[in-house]
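Order of writing sets the chain letters: A, B, C, D and E. Residues in each chain are counted from 1.
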Amino acid sequence: MTALAAHVPALVVVNLLMCSYIMPVLARWKKHLCIPVALGSVSFSFILSIFLTFQVSRQGAFSYALGGWAAPWGIEFVVDHFSVFMLLTLTGVGLLILVYATEDLIHELKQDVVGWYYTLYLLLMGSMVGLALTNDLFNLFVFVEICAIASCAIISIKENRECIEASLKYLILSAVGSGGMLLGIAMIYMVTGNLNFTYVTEALPQAFELYPRNIMVAMSMFTAGIGVKAALFPLHVWLPDAHSSAPSPSSAILSGLVIKIYAAVFIKIFLRMFPWDVYETVPLMTIVLIMSSVGIVVGSMFAIVQEDIKKMLAYSSVAQIGYVFLGIGLLSQNGTLGGILHIFNHALMKSMLFMSAGAIIYSTGVRRISDLKGIGTKMPLVMSVFSIGAFSMVGIPMTNGFISKWYLAIGALDVDKPLYVAVILLSSLLNGVYYLPIVVNAFFGEGKESVTVHHKLPWKMTLPLIILASAIIITGIFPKLMLGLADKAVMFLLN
Amino acid sequence: MEDLILTMIVRLILPFIQIYGYYIIIHGHLSPGGGFPGGAIIGASMILFALAFNLKEGSNKISHDTSTLLESGGAFGFAALGFLGVFMGSNYLSNRAAGFPLGIPGNLISSGMIFLISIFIGVKVASTFITLFFNLVEGKTHD
Amino acid sequence: MIEILSNLLHNFYYLIAIILFVIGFHTMLSHSNLIKKIMGMNIMDTAIFLFFVSIGYVEGGRAPIIELGQDHVYVNPIPSALILTGIVVAVSVTAFALSLIVKIYQHYGTVDAEEIMRIRSREV
Amino acid sequence: MRQLLVVIFLALIANALIFTVVEMPPFGSPDNPSNNQVNQRYVEKGVEETGSINVVASVIMDYRAFDTLGEATVLFVAIAAALSNLKAH
Amino acid sequence: MTAVLTMIFQYLLLIFLVVCALAVARTRDLLGAVIIFASYSLVMAILWQQLEAPDVAVTEAAIGAGVTSLLFIVVISKTRRME
């Protein structure tokens, strides 16, 4: 046991990958084993992440050399406060979405592709966990590609022509993004001779004096490449179609986790790999700030005019990912803390909102917002959960959305940029404009023809909703729970 | 519509292409090549066989069950090979430290894990390309 | 000026890789045919691979297959190793994109992005 | 109009990249920053440490074997994606 | 002398690559474009051989020129040949 404990960082990734390798075989010959194996492997990774969290809080950050070759020669995984924060978010929310998916997919997909869905889901989880842990640029690229293909595939798996078109658009744009990232990696390798983050950081100051243009091109390539994948504002064009047409569990994981992990990759590259004094000469972070704040406002405005509930949630994601990048771009301790916290908070909120929208579609078949009047009396549980998510999106105190917005605002004031506080307030107002009418109409509105409930919700679909909603409330009332971990992550990044 | 000349030529050169593919796979640690190009060559030779004869015969040569097993097995074998390192007291995916015999450099049977990984990857790549090709071909053109 | 030109001529491999990258990117952005877009993506990827491999070249070096007991200069093996992975990644993306295009043709009867947009706007 | 915008955008990118090429480390020079202790160790000790005389094979399947596992996974995810898409309809 | 000749050979191949890429972009016939793309990949493989990266050259010749072109041809045969 003690011998195995040292290998947990590798195991947490490889366990997901290996279970996905055997999934097609199970789907062909032992169909009833698919769901238990998928659930088992994700929950095993969740347990391992909790174990890693304890290990990190006890002994500090540590690294794991894959293949036994230490850092500059081999690939290494680094387990630090930031990566365990991401690990907990990914595996925890991913497990809940998977529990929800086991019931929802029966209704949304054909029987013979459900096995493939679990394969792709586990691969997506594995690649995201790998992205959170890896400390090597090229390994990061490989995981980004796995993540990109798997996230396109869980959209196109639905038998619907909008899905295929949205998926192809997403695939082509993310291929452009990957190309940009690879060119950036080539530029960095050319002037530093290393691929490991730690060694690149050491070599960068000297390289920046000798070859400044290379570094600048690499930085812009990374920004554009990750920006496309994380749907940073002018590059978000693929997101609304992709996230709204996908099956509900896919929307939940794509909006809740996949765009967040790219934000985490952005943090890893720009806050950990590049030395911070680069930003005094390169105005990159100002550009990121402008892009994200325009994205926050414009995304919210687009969300107001949507009629489809999932499309509205997708545009809201464009706005919310802006908060994360706003926090990164502020380059202050509290701002970064707010951004990192928002990764976790928005993962909870948006996956819950997508799942409750999916639950509404599952039981009533209604997608239009104007048809949702009076649904609160028919489906009280789902709508009250949806209301909690909506309040948290607006940033009402006692919910966790408030906490991250609070820290973002403090961070903006710390570096003397009160304009961004105004952006945050304006966006909260806009969020209220499109979320609160749904809640009010659902409970007090009188629809012309009342909605009929066709299917009763099974417990596997309601349980994740209840857990996520209570997590939103609990982390809203007792923010210390995640704040401690996020604070340590920020301290680690600042070093 | 089988063309006699075409089928004869394919019958003649197919063994050579396949042997070349196997050669590239198992000499991956001695000469340029390895699992990826070798697997691609073997896959391409099977596709050539299927194109020269009717498509039915080619897709019968490798059934869906076999290809599923080969794909999953290739990747799973590779990942499982890495665990040997964990049990031998080294790290995941290690070669010499996991006790693989390295042999004499330059011999065919040498370099421990590299040789085995090449074979697993060759199997995986060949079966992947064959499956991809047949599934793209078999899909209905019109609903 | 002459210095810039001589630098460009010396770094001709890099220059061509950049030009190919831009051509591929242009093909990807401006062509409405989806298959052409995927070809543009492949050209873009190979351009980056060419760039990466030429980073590893060393004047007068040999391919990194060691001759035991001899003292040669060898080229840098790392870019070659990375690009082997890159080629497989590119072909995987291509394969998936092509399977999506086959499906799009079945549903819309065309592989032209603008025509698909027209069909969709007519529906709404 | 859109074509013109695309061309201007690409011209800007090409301009920036070509000016970068002028300042890059010279092609093929042994003193480039990419020729450091990492690849020297691969070339000098690779045969002894991995038993493979093809250094590229020893890099992809021993020193950086996890990349190759990721690469096999990329192939696997491509086939899973393509099959799930082709069979779903 | 041979060094200069090799250099000229390499530069010609590089220019040929650009011509091929432009031809792929301009050709209206998709099948023709795929064939040009295959020759582009082969020339790329030769260049990688010139850059002393034989592993990449073999892989590109097998996967880039062989398998990718095959997949393109299958898809074109199932869809339309003209752009």
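Following the convention adopted for this analysis, a residue touches a chain if its C-beta (ideal position, glycine included) is under 8 Å from a C-beta of that chain, and two chains touch if they have at least 3 such contacts.
Please read all numbers here as calculations on a predicted model, not as lab measurements.
**Q** In contact with chain B and with chain E at once: which chains are those? Just list them.
**A** Chains in contact with chain B as well as chain E: C, D.
**Q** Look at the interfaces A-C and D-E and say which one is made up of more C-beta pairs in contact.
**A** Answer by contact count: A-C.
**Q** Give the label of the chain whose average Cα location is farthest from that of chain C.
**A** For chain C, the chain whose C-alpha mean is farthest off is A.
**Q** What is the chain whose Cα centre is as far as it gets from that of chain D?
**A** A
**Q** Determine the centre-to-centre distance between chain A and chain D, using the mean Cα coordinates as centres, and give it in whole Å.
**A** The computed centroid separation for chain A versus chain D comes out at 26 Å.
**Q** Between chain A and chain E, what is the gap in Å from one C-alpha centre to the other?
**A** So the centre of chain A lies 38 Å away from the centre of chain E.
**Q** Any idea how many Å lie between the Cα centroids of chain A and chain B?
**A** From the centre of chain A to the centre of chain B is 36 Å.
**Q** Based only on mean CA positions, could you tell me how far chain C sits from chain E in angstrom?
**A** 11
**Q** Scan chain E for residues touching two or more other chains and write them down.
**A** 53-55, 59, 63, 67, 71, 74-75, 78
**Q** List, in ascending order, every residue of chain C touching at least 2 other chains.
**A** Residues 12-13, 19, 21, 25-26, 38, 54-57, 63-66, 68, 78-82, 84-85, 87-89, 91-93, 95-96, 98-103, 106 of chain C touch two or more partner chains.
**Q** In chain A, which residues are in touch with two or more of the other chains?
**A** In chain A, residues 17, 21, 24, 66-67, 69, 138, 142, 145, 149, 152-153, 156, 164, 189-190 touch at least two other chains, as defined above.
**Q** For this structure, enumerate the chain pairs that meet the touch criterion.
**A** A-B, A-C, A-D, B-C, B-D, B-E, C-D, C-E, D-E
**Q** Which residues of chain E touch chain C in their complex?
**A** 11, 14-15, 17-18, 21-22, 24-25, 30, 33-34, 37, 40-41, 44, 47-48, 51-56, 59-60, 63-64, 67-68, 71-72, 74-76, 78-80, 83
**Q** Within the complex, which stretch of chain A touches chain B?
**A** 3-4, 7, 10-11, 14, 17-18, 21-25, 28, 64-69
**Q** Once bound in the complex, which stretches of chain D touch chain E?
**A** 54, 56-57
**Q** Going by the contact rule at the top, pick out the chain E residues touching chain D in the complex.
**A** Interface residues on chain E, with respect to chain D: 53, 55.
**Q** State the interface residues of chain C toward chain A in the complex, per the touch definition above.
**A** Residues of chain C touching chain A: 21, 25, 28, 34, 37-38, 41, 44-45, 48, 51-52, 55, 78-79, 82, 85-86, 89, 92-93, 96-97, 100-101, 103-104, 107-108, 116, 120.
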